[in-house]
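The structures come next, written out as structure tokens.
Both complexes below contain chain A, partnered by chain B and then by chain C.
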Partner chain A sequence: MATRKRTLLKVIILGDSGVGKTSLMNQYVNKKFSNQYKATIGADFLTKEVQVEDRLVTMQIWDTAGQERFQSLGVAFYRGADCCVLVYDVNVMKSFENLDNWRNEFLIQANPSDRENFPFVVLGNKVDIDGGNSRVVAEKKAKGWCTSKGNIPYFETSAKEDLNVEAAFQCIAKNALKNETEEEIYLPDTIDVNNGGSQSKSTCEC
Partner chain B sequence: MEGDAPMGEDDGPIPGELSGPSPLRHPWRDHYGFLLNLTKDEETAYEQANANVLRAELDWKSMQDAVVGKPWFSKELTRAYASPNSMSRSPLVLASDDLRNLLKSEGIPPNRRQKVWMGLSGASSLKLHCAPGYYTQLRQMPCSDTDKGDIEKDLHRTCASHPWFETDEARILLRSVLSAYATRNPEVGYSQGLNSIVGMLLLVTHADEEATFWLLAALVEKILPKGMYNRNLDFAKGLMYKFEKLMYQACPELQMHLLAAVQYECAMTVYRWVYSLCSGEDFPAETTFRIWDLLFTGFGPSAEILLLVPLAVFRINEEKLLQLYEDNKVHAMIQQSALRLTDANLLVRLISDGLNMVCPPSTM
Partner chain C sequence: MLAELRTSKLSPQKYYELYMKTFDELRMLEVFFREETKRGCTNAYLYELVQHAGNILPRLYLLCTVGSVYIKSKDAPAKEVLKDLVEMCRGIQHPIRGLFLRSYLSQISKDKLPDAASEFEGEGGTVVDAVEFVIQNFTEMNKLWVRMQHQGPAREKEKREKERSELRDLVGKNLHVLSQLEGVDLGMYRDMVLPRVLEQVVNCKDELAQYYLMDCIIQVFPDEYHLQTLETLLGACAQLQPTVDVKTVMSQLMERLSNYAASTPQVLADFLQVEAFSKLSEAVVKVIEAQPDMPLVGAVSLHVSLLTFTLRVHVDRLDYVDQVLGACVKKLEGVGKVKDSKATKQIIALLSAPLEKYNNVVTVLTLTNYPKVMEHLDYGTNKVMAVVIIQSIMKNGTFIMEADKVEALFELLKEIIQDSDGAPTLDELDEEDFMEEQNLVARLVQMLTNKDNDEMFKILLTARKHFLKGGPKRLGYTLPPLVFSALKLVRLLQQQGENSEAEEGAASSQKVFQFLLQTVEALSAVPAPELALRLYLQCAEAANDSDLEPVAYEFFTQAFVLYEEEIADSKAQVTAIHLIIGTLQRMNVFGVENRDTLTHKATGYSAKLLKKPDQCRAVYACSHLFWVEVEGGVRDGERVLLCLKRALRIANAAQQMASVTKGSGGPVTLFVEILNKYLYYFEHGNQHITNSVIQGLIELIVTELQSENTTQDPMVDAFLASTLRYIRFQKQKGDGVAERYAAIEV
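Right after this comes the complex of A and B.
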């Protein structure tokens, strides 16, 4: 068996109930869309091998519960996160207004060592609905919020139409990798022969 | 509405009603009307499960007088009716060996469930102690905006693999029962998980919304651990500690493996299954109902029964899990195994053994 070391990137997806967290994750990992994903209770996860520049990494994407009462169960999974994805529905103002709470709650619970520079990515989802006619959160407004929080990268997505999903997760992977700690998972019978690739310093174009 | 079958007239077998073995189709339709994508082997397993349902039906028919007329049944009923106060929780502990054995070998047949569950869980008693028209009034009162919004978001994603739940009729019933219950019990309001529970109950009661409402009330107020669905979710905080203890008692080697080598978080599966009472299409419908037979008849303490389900699934797969080192593979194996757990007798036996382990009969 070939020696193998896997670099694990842990990504947490947060946002109100029904904004499309599970759909985004499934569109990205399985290339599938269904409008019938069950409500997530607690948390769930999927993994995907991704190429980020010259490195092959395993992205572990954690999908969390959106309903308020179940948030407290989700926090147990925040530990060791390398990037946090905040999702809102461009057609629901409240889900945008809640981004602040989600971000704060994450910082309190995950307690990352460098709070100021912890990588977040914001996704405004469901831009396909009604051809954009029912949207209530303007792109400019969302971008303004992201800028005010330390230039958080922002994407407008549609999990249903597979719009911008790949690009968003590429950016998520890059940012997670920049933040990645030394924590690595060794599979059994592994001999550490190469010490991983060089850490890339590139910024993502977003 | 009452008595209406929850499916279109020529839409195949009515859930809970026996119509002989369903013809093989793709996707495959189970006894309750869920559409499933099965492999040939899985179809065979489902057919066996269906045969078990039919056998249970015949067995109960032949002893119908024996069940409803038997002294132990009326004794259980009297006990259930003796605690009219909805908030006083007197855990029913089933005394009759006859019923315990039936629950283990074949469960309650689908078209008897409503009656037996209503009687033994105390749901009928709750209903009787309310003024006539109580439910009708309740369903006309608005619940809080937050609950209302949360309910709406979940209507289209409840029992999504069952065609009836795509109909307006089903969604209206789901909305009414969930919203009425949120109004009755503001400490709980609407919690995710209740949606699929109500969905499955509607199948059992043939879309009788009032019976569904009272069965839900009995679950939350009499059967399940106190405060389980409350907004603060305090109950959940001790849940994983309990589960880890069970794992340690039952399969320490597997527990060590999952914790240390795989770093698998059992919690995500445990929370999900416990809060949906193993429904939500995570298990075959008949298996979900066999677990509910145990809850509604007071087979044992509900928290333990619910935790023994994930424990059983881990144990069934123990050997294979010990060979896995990646958490995503472990997760997939557990989910898949639950989804295909058609052997409800095996599951109930494991739960029963587990109950003997956590609370030996002498202490019950």
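Right after this comes the complex of A and C.
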């Protein structure tokens, strides 16, 4: 049991309000899409089992509120993340410009052990809109930014048309798994059932 | 670790960190429980087992964790387990601990609700059970959250409110869960979800909760739901506590709806069908009524939001726009000039919005309530707004083509165009600002134009009517452009050929000239005599081109009157007389008699200038009044000679005066100048100018230059040298002119 690999991967999705974080997650996990805009409050996750190179892992995908006022409790959930997904809307320049802030904010708050090599993945979402005619962030520009930040993998996606979503999350899972090795030692070993039961009983003092 | 969650010492954010750590561990435990059930342990057994935990808080966390596995296994209907869990959680009544526990419940159950089309639907229950569960959890959480403010000492209220604010997302998250349920369609939202949630919001009577939860409702549910339930939602707004910042809540709703309309034009029909505009306007009124203590700025900014909504959604409905402005006017009634700077800012926003949207001041002028809102701005701000309006006109190149529009516009701009009651006196104003504003008004005049001459004339009359109220300091800026605008009209009338049977009120050259005469006269009374004189001369030229002798004569007469009575400065006189001579020279409309009178006067004034050199130059310039090199022009050689001789006499006198007061070398140059005039007429065939006269003058100059009284002046030497070189050149040309020059020796 001691050689057992950790099977839970924690992924955080960040980005401006309205870029499609929730939609991407819903498309990937539930294969559902809705055009309606619904703000996210606080942070919440969905899980999905994924096969990565003959290993079955559970991905815990944390969707976050893009609007600051719906993030009242802070970002304690960044802790222990294995991969951070930065999303922007290719039709909104500001959302791309803010990627820098999101990345810095994440590195400061999550404080991963190896800042330089912490895996990020960037998604340029909503490429379907208006047949791509209304996009303002060129693919080249986005790729340039990703390269400058240590070769971050980049995907152009459409949650609406399920374009590249699967591929992107495969990459996310793969990168998250690479990051895992180091933290493995912190994980508790499997708990024995009786032991588990008595442990919870031992807290009984009142 | 679970036991540590029992602490009361942590702030919400720290507690959240602890909660997150525990949460991660509980995920492991969940995996373990699941594996345990695979090894033959029943869910029901585990569910019972964890209830042996002694402390209630760890017990409930464990229960929720097992419950999650239990539902997932489908060994029991989801609705039953959920119902049990949400009931059990009542055991924790400490706000922070309770909120986090319930938040845990919400988190682990989120993907296990018997939602429509989910795997737990059917035996696990229906979407109604899911909604019931979430709403119950929400209600309990909200109660805990609201109650929290009453716990602990009063002096820590501020700290507690801050903590409460940090906890808000735990409560709001439930609404997010509701919005994510597939089974909650419009009907269900309208009939069950919204009324239940709003009931909770309204009844909790807590400022923080109401504001935050309304914001959440607006943000988490889709636009089309809001549109279809506007009445309910807006109705709740009016029932909130009087201290709640409803204006921000409603602004956000309106912003969302207008974004929605902008991004999906096909929903416009729905907006009309549900009468979104009238519902929103009514709600604005109601909310303002319901909150009598709302500061003015709040009320105005509500109207700004409504206006922004209207301009985005119903851009073609000017009546709606006007209605919003009207409602604001009503609110401002009895307030007088708004003193509060924040409210003023909002009024500016209210007034700027239509300008920016339509980019056309003429459209804005049709809004009858627009000027009424503007009335409420204090003097300074009103002027700022006026400047904004003019700048908009200039930027967009908006022509104002009707007299009544000009009337309306000037009514709007009145603080800048005239002195109203209560305005500070002009001396108190910053000179530079004033100049800038008036220059703007002057630039505006070119935008008041119409190709129809009659309407154009009406525009001019209207503009002047307003400008004349501006007082002397403004007229110098505002009237000249008006004069030129009128002159342009005269020229057009002349080009198009006068309609001799002009109707009453129709424009005719005569009338426009009458207008001009009065306008310039107003300027001369300012007094701005030098400016007025120039304008009179401009008008005279225009009258000349229109072939109206009496009119031209009248303008000249006025110019002379001004010269005599108002222009006292000697330098100004010199400039004025040269302008008069120059203009008069070009006139061809005058008969002999009128011309003689005017020339006579001009020559007379020339000879009376203060300084001899000025006299001399003006007099020799007058010689041109008798010799006009155009077809049919006057050519009175004898009087030319008289003028030049007179100029010579004056130059002589100047020379004598100069020799008395030694050192001024000026006058000799006068001789050379006169010589050049002689040469001009000589060349143009004036028989009275003979070669001997010129010869004599040259000798005279040479003598003068050699005289010991004269100081050396290289300029004069050079001037003479080039004049003589010119004569030599002409002699060598070998044509008719050369023959005449032959007799002159140099």
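Everything below uses one rule, namely that the second predicted complex is superposed on the first by the 168 of 206 C-alpha atoms of A that agree within 3 Å, B and C clash if a C-alpha of one lies under 4 Å from a C-alpha of the other, contacts with A are read in each partner's own complex, and residues count from 1 in each chain.
The definition used in the following text is that contacts are C-beta pairs under 8 Å (C-beta built on N, C-alpha and C of every residue); 3 or more make two chains touch, one makes a residue touch a chain.
Predicted model, so just to flag it, every value in this text is computed and none were measured.
Colleague: Once the structures are superposed on A, label A:Leu56 by its partner contacts, choosing first (chain B), second (chain C), both or neither.
Modeller: neither
Colleague: For A:Ala39, select first, second, both or neither according to whether it touches chain B, chain C, the two together, or no partner.
Modeller: It touches chain B and chain C both.
Colleague: Look at A:Ala76 in the shared chain and tell me whether it touches chain B only, chain C only, both, or neither; answer first, second, both or neither.
Modeller: After superposition on chain A, A:Ala76 lies in contact with both partners, chain B and chain C.
Colleague: Does the superposition put A:Ala138 against chain B (first), chain C (second), both, or neither?
Modeller: So A:Ala138 meets neither chain B nor chain C here.
Colleague: Going by the contact rule set out at the top, does A:Ile108 touch chain B (first), chain C (second), both, or neither?
Modeller: Touch partners of A:Ile108: none, neither chain B nor chain C.
Colleague: Counting residues of chain A in contact, which comes out ahead: chain B or chain C?
Modeller: C
Colleague: Applying the document's definition of touch, where does A:Thr47 land relative to chain B and chain C: first, second, both, or neither?
Modeller: both
Colleague: So chain A touches chain B in one structure and chain C in the other; where do those two contact lists coincide?
Modeller: Common to the two interfaces on chain A: residues 34, 36-42, 44-47, 60, 65, 67, 69-70, 72-73, 76-77, 187-188.
Colleague: If we count contacts the way the header does, which residues on chain A are in touch with chain B in the complex?
Modeller: 17-18, 34-47, 60, 65, 67-70, 72-73, 76-77, 185, 187-188
Colleague: Report the residues of chain C in contact with chain A in the complex, numbered from low to high.
Modeller: Residues 2-3, 12-13, 16-17, 19-21, 24-25, 27-29, 31-32, 36, 41, 49-50, 52-55, 58, 62, 107, 110-111, 165-170, 172-173, 175-176, 179-180, 182, 215-216, 219-224 of chain C touch chain A in their complex.
Colleague: List the residues on chain B that touch chain A in their complex, please.
Modeller: Chain B reaches chain A through residues 146, 150, 153-154, 156-157, 160-161, 191-193, 195-196, 231-233, 236-237, 261, 263, 265, 267-268, 270-272, 275-276, 280-281, 325-328, 331.
Colleague: Contact residues on chain A for chain C in the complex?
Modeller: Of all residues in chain A, those touching chain C are 7-8, 32, 34, 36-42, 44-47, 60, 65, 67, 69-74, 76-77, 79-80, 187-188, 190-191, 193, 196-197, 200-201, 203-206.
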